[in-house]
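The following pair of complexes shares a single chain, subunit A, combined with subunit B in the former and subunit C in the latter.
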Partner chain A sequence: MIIPRKTSFISLPRISVIAGHTFTQLVRMKVFYFLIIFAVLIWALKQFVLGTFTGGDTASEQQLRLLKSTSYFAMNLFSIVMAISATALLIPKDIEDRTLYTILCKPVPRLDYLIGKLLGVLLLIFVSLIFMDLLLSVMLHYNTQSLIASEISLMGAGGNSEVLQERITTLNAHGLTNNIHYATLVIFFKAAVIASVALLISTFSTSTIFTLILTIIILLIGMIQADARELILKASERGETSIISKLSMFIVLVFPDFQLISVDDGVIDGKIVPKLTLLKITIVSFFYVALYTSLSWFTFRKKEF
Partner chain B sequence: MWLFIRHFHGLPSAKKNSNMKKPWINSIIILCVLLITGYARLSFEQKLNEEMLELKLIPKSYDMDTRIALKQKSFAAGIGSLRPTIAAFMNVSASNDHSKQDWQSLESKFNDIVLLDPHNPYYWETGSWHLVSNASASSRDDEELPEVTRRKLYRQYINKGTEFIDRGIQMNPDSWQIASLKAKRYANKYRLPDFDKAADEYLKLSKMPNVPSFRRDLFKRKALYCLAKVPDKHQEAYDLAYKLYQDPNNRVPSLLNALWIGQSHPLNKVKHRYSLLDIYKTQNRAYKWLRVKWIGSIRHKDEAMYGVEKTIRGLEQILLIPQPNRVFPTQALKPMFIPK
Partner chain C sequence: MTDSGVTRDIAVEVRNLVKSYKSSFKRQTFQAVDNVSLQIESGEVYGLIGPNGSGKSTTMKAVLGLISPTAGSCRVFGADSTRVDARSEIGFLPENPYFYKHQTSAETLRFYGKLCGIRGKKLTNKVNELLELVSLEHARDRRLGGYSKGMLQRVGLAQALIQEPQLLILDEPTAGVDPIGSREIRDLILKLKSQGVTIFLCSHLLEQVQEVCDRVGIIFEGKMVNEGTLEELTEIRNQHEFIIKNASPALVQDIEDLIANNQQAEVVRSGKPRSSLEKLFIDTANEQKHNKKGNKS
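And then the complex of A and B:
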């Protein structure tokens, strides 16, 4: 009597094989060329824009702010585009290449397949963000030190030591701190949530364009979700129940709040990200990823191809 | 909607598939799960949102007026970290307006810039400087305009600059850097100064909680220098000079001069009359600093100088300052060059 081998529900080796394959597949699509564009962008910024901030008491830290804001913008752009497009492509491409059939005919649970695919995309985004964070850190450190050196040479001889100390503290607050890496980590979390949303949509849609459009719409709604929540709270304080407040309630309950998964604006301003707040953002992000991945599996579990 | 989704992802039609209700059931289950989990996370997210707003990690949402003012930029600015980048590039563009002296465009750009990056003191400082100093002076000196219009525009731009700073203070009530712009604006003797208001602003600044201690002392002394320029506030100026003098860290030359002038004012009620040596420690130092003060006041003509002339004259006699170096020579100086 042949006893069939029992397949475990989740297997890390299986997931890692699928993730590794997805990562290789995406690397072959030459997505890392964006990193060259990023490096050129940072170099051009330093050469042509940073020097335009002159005059005023706070001119020198503007250079650091602009360096951070442009880098974070590029990181956001890359990670969002990659999260949406790569994830939206995953299942349709596997169907088109008929890879999906060869995987699913083996004892591979569909949850493993979905998690593996998602992790492959996230690994690619993570590696890219590490590179960009490294480049930003080097540039930021170099620029902060050179600005401090110029402040010392300007004010050092006979200048007020307290003013000099204040300037150095301000520049260091805008320079390389752990907050820079925290902001990059939160950008990664945001990309992970967007990718899991795209994964959910791609499980019931076989059209890549539909997945792309719907994910972008959800992303945009998620960016103004805080406004909807505020509207509900104000309406409930006044005891109002209008159609707009009901619609806002629906938006708040169904869509993720992407504004919460973002600290880069604060870090650009030189604000500190407390570890507890970072932990809360991590919890929210993991919750969203887990929720959307579970729902993706729910839709995908008995889908026929 | 469902037909639309089915059209896109090519779900089997009812005729072909007996399980036609299944996708509906799946969708309803997904929606229910999203609604339930959404309800569960609502209060946590609201608290986290408030916490992040308090820490200034996320910007406040734009109201409808701001969205209208920013037009398409508000949409682009919704993407995290893009706001400061757009603001920075608009600042570069505004500096071109400065070169072209296109003040209307510059004003409009700075109004947008501060909406995009409202917590950055640099833009409030640069924007107010352009309006108060550059746009006003350029309009005043524009010879193509009639005299009345020039004067009107001069005042108008200074007022616009002041309102711009007020908006910055309103949006950043904790920022002493932005609050100090208002004091500087009123203390600017070349742009419709109001030293009384400037003194008030400096005193308010010195009481702000997050000001570094050395700046707190500096703001108090600046309040004194502004009060000294208000004709009716001689008693308040003296009282403040006397109070600040009690702290040895404040005994900079300008404060010592203010105390000497204050206690020499005939109408002031003097708490304790210090001698010249009490205040300046040596006669040489007294002469040096009072001389600087006197020469400066002749140039600016903005302050009453009670007792200074008499003290300088006396010191010049005592210290035997050579006649050519004296502020008040007692003998007619020999001409250095005799024309033929």
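And then the complex of A and C:
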């Protein structure tokens, strides 16, 4: 008598197969071309913009600030675009092309499929961010050292050594520190949360365009919701409650707070990211990703094809 | 029970299956499958035939667990088809299978093999064996984006067989395949049947269904309207057929006279039996191949 083999509810090898395949699929869509654009952007910035800064003590810091802000802008742009478009595209495409039929007809639990797809997208973003972070680190280190050298030569041998030391400390704080990598890591966490939101929407959406638009709306809400929350709290302190404030409170509770998952502005200004903040961001991001992935599975588990 | 009296396992059991779909605003209900029941014994080849939109694919999807029955149940080797476990013994070839175009056929088979938990040397051997079986060794490293419909169908068949399933579900297995490929798929179905694999197939090519199936179900507007063995379904009970080899014209005349003298019987049709166009095509192609080989040597 034939007895069907037992299939575990969740399997790491199966998830890794789907994630690996999704990563390869995206790589073959030539998304890594963006990295070439990034490298060219950084090179062009160095060649044509950074050298033009003149005058004042702050010019050196401004150069480093511009390098960091441009790089983080590109990192944020790439990771957000990839998180939304790749996640929003992959599942509807599998349904439309009927490739999902052949996958789900194998002993593959739907949760494995969803997690695999999400991890594949995140792996691609992670690898890309590592490359960008590496490039930024090299450029930042090179520029910082070059700026320090020019400060030393400007002050000359007779300069005040305390002032010089202070300048070196300030420039080093703006240069390559662990905070640079922490900011990249937080950009990755933000992309992970956005991708999990896109995953959730794509499980019930009927078209890719709907998924894209709705995810972008949630992203925008997430970016301003901290300000909204503050306004609501102030209004409630004054005893003012309306339907709009109740609705806003609901939005605050349901949608992710992307202002919370962001440290790059501080790092651009040379501030230190406290370890506790990083830990909090990590926990909050994991919570959001787990929540939205669970909800995705809940809507996807009974979906009919 | 089989003809020989041996009791077999039930591979597929569909019991009073009902599948309804609601319209967008849930005002109207469309019943795609209406109280369908069928049983497929282990090792049997079962064909489900019916016009487009009759409920064949919906029944198959219910057996595959891709949709949940509105009422009734589907079981595969005793396991509820909505459970993932039931799929460990199923190989499925969808109609017009689409795969990831960026993969080669070897990569595709490796991917599906890994999903079924096959790894290492065993997987490599299995992929090589299946590519040879479906005659795609020459195109193993070509991306599927450049494959013809028939070649994709072969890849589909190979992926369906990757985990050596005990139940093979084939939806239009020869769609887009040329007559020679179609014949090869038919031979493969018969070979798998001889190995004890249960096959559940849907096809519009009734001649093919007749060639390979032990039992057939006819579904119409969501209802099972007829079901049985091919002999039961195709037998014309009040007619008899003789095919006589090397009969002289005199003997044929004698037989016709004998029937003419009988008050009840009448000749409905007589003449020389015809070969099928498919057989003619395959014989001609084989002959050409043979001549080409002969000329080369």
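In this section, the second predicted complex is superposed on the first by the 304 of 305 C-alpha atoms of A that agree within 3 Å, B and C clash if a C-alpha of one lies under 4 Å from a C-alpha of the other, contacts with A are read in each partner's own complex, and residues count from 1 in each chain.
To be clear about the criterion, a contact is a pair of C-beta atoms (placed from the backbone, for glycine too) under 8 Å apart; a residue touches a chain by one contact, two chains touch by 3 or more.
This one's a predicted model, so the numbers in the text were calculated from it and none came from an experiment.
Chemist: Once the structures are superposed on A, label A:13 by its partner contacts, choosing first (subunit B), second (subunit C), both or neither.
Modeler: After superposing on A, A:13 lies in contact with subunit C but is clear of subunit B.
Chemist: Look at A:227 in the shared chain and tell me whether it touches subunit B only, subunit C only, both, or neither; answer first, second, both or neither.
Modeler: first
Chemist: Going by the contact rule set out at the top, does A:281 touch subunit B (first), subunit C (second), both, or neither?
Modeler: The answer is first: A:281 touches subunit B but not subunit C.
Chemist: Is subunit A touched at more residues by subunit B or by subunit C?
Modeler: B
Chemist: Which of the residues in subunit C end up touching subunit A in this complex?
Modeler: Within the complex, subunit C touches subunit A at residues 9, 11, 42, 61, 64-68, 76-79, 84-90, 92, 94, 96-100, 102, 111-112, 114-117, 156, 159, 163, 166, 169.
Chemist: What residues of subunit A sit close enough to touch subunit B in their complex?
Modeler: My answer: residues 49, 52-53, 55-59, 61-62, 65-66, 68-70, 72-73, 76-77, 160, 162-163, 166, 187, 190, 204-207, 209-210, 220, 223-224, 226-227, 229-230, 233, 252-254, 257, 259-260, 262-269, 271-274, 277, 280-281, 284, 287, 291, 295, 298-299.
Chemist: In their complex, what parts of subunit B are in touch with subunit A?
Modeler: My answer: residues 5, 8-10, 23, 26, 29-31, 33-35, 37-39, 41-42, 44-46, 48-49, 51-52, 55-59, 61, 78-85, 88-89, 91-92, 95, 119-122, 125-126, 129, 177, 212, 214-215.
Chemist: For the complex, give me every residue of subunit A touching subunit C.
Modeler: Against subunit C, subunit A makes touches at 1-7, 13-14, 17-18, 21, 24-25, 28-29, 97-99, 101-109, 302, 304-305.
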